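One chain, chain A, links the two complexes that follow: it is found with chain B in the first and with chain C in the second.
After this line comes the complex of A and B, so read on.
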């Protein structure tokens, strides 16, 4: 080539290579594998408990999941929503910017003639898609182990109606999408922290700290007025999925709340990326 | 540097937009709306139209806000925007779903049978017929709405002032507000009871109980969503899920009724006074006061007296020694020898009522 033409790499190729890089990290793979095991272990536990006739004492979703296999993925996701999935999102976001910075590889990317926004978008895409993969994987192993271990055709809802298999599958899908969106919201905040530091551990600590402090604040009745702005407020709304007819209000509200956190986290991360030097 | 300024602008704008969004989600829609303009109506005419109105096919979400200070037995403990959903087809079939955490209690009346589903223990209870009789009695009484309305309003007027106090919006529908205020001679803790009545269907949409010295209602139950129109008929049928035990509720109910009657007899229930300062007095078996209440979790079992000591304040008087439990809307007095007085009144009225025995 005689003239130097700066050509941007096609975005799909960049995204694919980012995804491949994230998925090649051993900790990502181990994390995904452990998450996929969660529904299986829960299914085994519930099956053993049912066989021993220990039905009493369960509350809420746990009381419904016995002999109700299609509910297992929803139950497992709502349990993982409390800590495991936020941890995964925070870990991915920590690796995306702070981790690269710790290895000294972020400096190279910042020096390259690539827009900072584009760089952040590619990193965010990596976090978002692996989160989605993790949740879908849990839903899949949940469905399989639920149907095999707990049995039941279709799904018994909290309202006492029975849904056919396809409708139940739809409910699992709604749960997966909702949970993913909520984890994205937390991961966006984690990504913003990640843009500020070069220590991945700080990102994980701050993100989980946010989850725990939100939980504590929500438990204090005198601070009820804070509830609407806490990131964890809508995480419980996932149980609306098992009602019949499904109640969309809390789910939509939770989705909007997650979007607000995505905007906050995304804009702070972008602003920091614009001025970051290495 | 220019880039630095851009960065700051982006961060500030994004954060502001996000926080504004979060706050917007929280604030109820139409909170500051001007009250709708409705044709004026007298209290009698309003009550009459409520009695006359047939409940149309509707779907709604119910909120419950309880600021009384003590949990009310029988009502869902959860306080919130959305504790229940109600559906009815306007012809006697209906469905109520009560939220209990992530579980649910569902009542379905499909025209002939009432089904009761409880997701916590996956039980179905079935009630067949039997309950129509009570409904018919009331229906006979209400067959002449004009007289009934006059009677109701006159009965209320004996002790209270009834007025239509302007209009408002409840569940995004224009409503008339019917306000019942106790007459100054009434010795009660309550300031007023406010009923919001839908201007179109004349269905009461909200009930608020306001106590003295409180700006916020002590108790509020009402619709947050309300829409009329034909409902999905599938809502009014219930098929017990496979593998779930169905118990017949009717036989058990009779036993419970007899139990209740004997309990009432031994309780020596009396009503003292009338109107707002009505006090119910009674007698609980002394054994109950020393009965052990099983406590959940690690806490040791407590007997009723020590529970009363913890909840209430010890008082002495001509009646002996007792414990007073006060809430914003009512007071209860339990004496050590098992006499009980309850009413929406201050403590002194309870003591007077016990003295009248």
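After this line comes the complex of A and C, so read on.
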């Protein structure tokens, strides 16, 4: 009897299986499809608005983007970061633990056994991967529809300079990574909530509630001292990527803030997973 | 080294699973209290009990899914839940209705759980899944989405997941839930096969016939505690302390026995004599001395149903304690 030793399934095999499962979930596929459509619809909308408007009459966003197709993915991502991408991250995190617990599949993984710590890592990997896929997909459809619908192979920066295509591509990539990191931060909090409940809806409500409440608190001048700890504080910093040269300060600060949330959310989720009833 | 000697020793001395003073409290409600359960290696133990008697909670603690409030759990010699990584690869379980992904087919679900099984080599997973599906008779439905499965099919898939790898210990919580009579028979066959292969099996059920037909050992739970456990035959023996006497002169027989302070009553099949305070030869002697013609004397096997009813319906604690001591004494 004492001859039993610790045996584990190869982690890459479990990770691959997790990713395959999440990408087979209808909800994931529908979400990815809708997100991919966002830049396309924005591109079409701007193209129509400009075509209808009088010469030089286009205003704001449209005026800036027209002829600068590479700006479209950046605008699309920063708009989606306000609500759509956090919603996606929260949904993924909600299904990962709370949803699977309700279906009884979490129990199956625990009994295999996939250790509790490992199981959390596998679930976090699934959430993080699909979030990254969603953002990259938006960037891709944004670039394609931007170049095709709005034209231009370069990018006009907010500083008035013009960037060649490859530099513009780099800026899109930086945007994508920054947005991904911010969504991961929120998803980490969502995963922590997810570890406490069997109801995915609670996770989504709490996570989006956090985003909304953070936005409200940030808007109250008397509560400015709260800003450094709000999850949404650095989300605006994404606009720095359209400056020339890039102002790295706010982006790095935002990255660090996101890392703090990742550590906090991850730790809470981990401590809960160790004692959670399966 | 897993020589014959070691296996032999395991078969004699150790239990595949053991709990001591197990207790679980959920938000002030005591689900399980003071459970001392022992599952002998190689046995098929039937865990009986009415709904809410703590069967599933006990099983979940056994598998390390739930941490006990108090008490100890040992599974295949490993303290649980800490030893889960060592013990659980050798354990297959179907607990609380099977949990699967509704949007994946039966086969894809098993492939997913196969990927998490430590004892399966990556190349062997498709084969193991195919074999398990065949074993539970689900081949025709394996390609369909789990969402559309009937209750019985879900149950079969859960069983297939538990049997993906050859196990040392298999736990089946209400395995025949939702199965048709043919399915129930198949489960019995599977349990018998597991038993023949030396696998220890723990089956929980509220269906008595199922347990009586497949188990070597029984543990009866009621209101969160074990009220009886032991070998099935010994328990039945203990629960059936009565003798059935066939005689044309029933009244004379009852009178004669009552004169000797032996409880007896006439029934349509004959005179039923309570054996708790006396023995069969003594009863026959009393009858013969009284001149009562005796055609036949049979020890009455009560069957599990009577025993179960007496154990779980005994209302007063005193009754229960009395029965308990009686049964555990007899069983040992």
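Following the convention adopted for this analysis, the second predicted complex is superposed on the first by the 259 of 278 C-alpha atoms of A that agree within 3 Å, B and C clash if a C-alpha of one lies under 4 Å from a C-alpha of the other, contacts with A are read in each partner's own complex, and residues count from 1 in each chain.
Everything below uses one rule, namely that a residue touches a chain if its C-beta (ideal position, glycine included) is under 8 Å from a C-beta of that chain, and two chains touch if they have at least 3 such contacts.
The shown structure was predicted, so the numbers you read here are calculated from the model rather than taken from an experiment.
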{"item": "Contacts of A:253 with chain B and chain C, given as first, second, both or neither", "value": "first"}
{"item": "Contacts of A:275 with chain B and chain C, given as first, second, both or neither", "value": "both"}
{"item": "First (chain B), second (chain C), both or neither touched by A:239", "value": "first"}
{"item": "Touched partner set for A:149, first chain B, second chain C, both or neither", "value": "neither"}
{"item": "First, second, both or neither for A:107, with chain B first and chain C second", "value": "second"}
{"item": "Partner chain in contact with A:64 - chain B first, chain C second, else both or neither", "value": "first"}
{"item": "Touched partner set for A:24, first chain B, second chain C, both or neither", "value": "second"}
{"item": "Partner chain in contact with A:13 - chain B first, chain C second, else both or neither", "value": "second"}
{"item": "Chain C-contacting residues of chain A that also contact chain B", "value": "275"}
{"item": "Chain C-facing residues of chain A, complex", "value": "1-10, 13-14, 16-17, 20-21, 24-26, 103-115, 275, 277-278"}
{"item": "Touching residues on chain B, where the partner in the complex is chain A", "value": "3-4, 6-8, 10-11, 13-15, 17-19, 21-23, 25-26, 61, 82, 85, 97, 101-104, 106, 115, 117, 119-122, 124, 225, 232, 235, 238-243"}
{"item": "Contact set on chain C toward chain A in their complex", "value": "1-2, 10, 14, 60, 63-67, 76-78, 83-91, 93, 95-104, 108, 111-113, 115-120, 122, 161"}
{"item": "Residues of chain A touching chain B in the complex", "value": "59-61, 63-64, 67, 78, 156, 158-162, 227-229, 236, 239, 242-243, 245, 247, 249-250, 253, 256-257, 259-264, 266-268, 270-272, 274-275"}
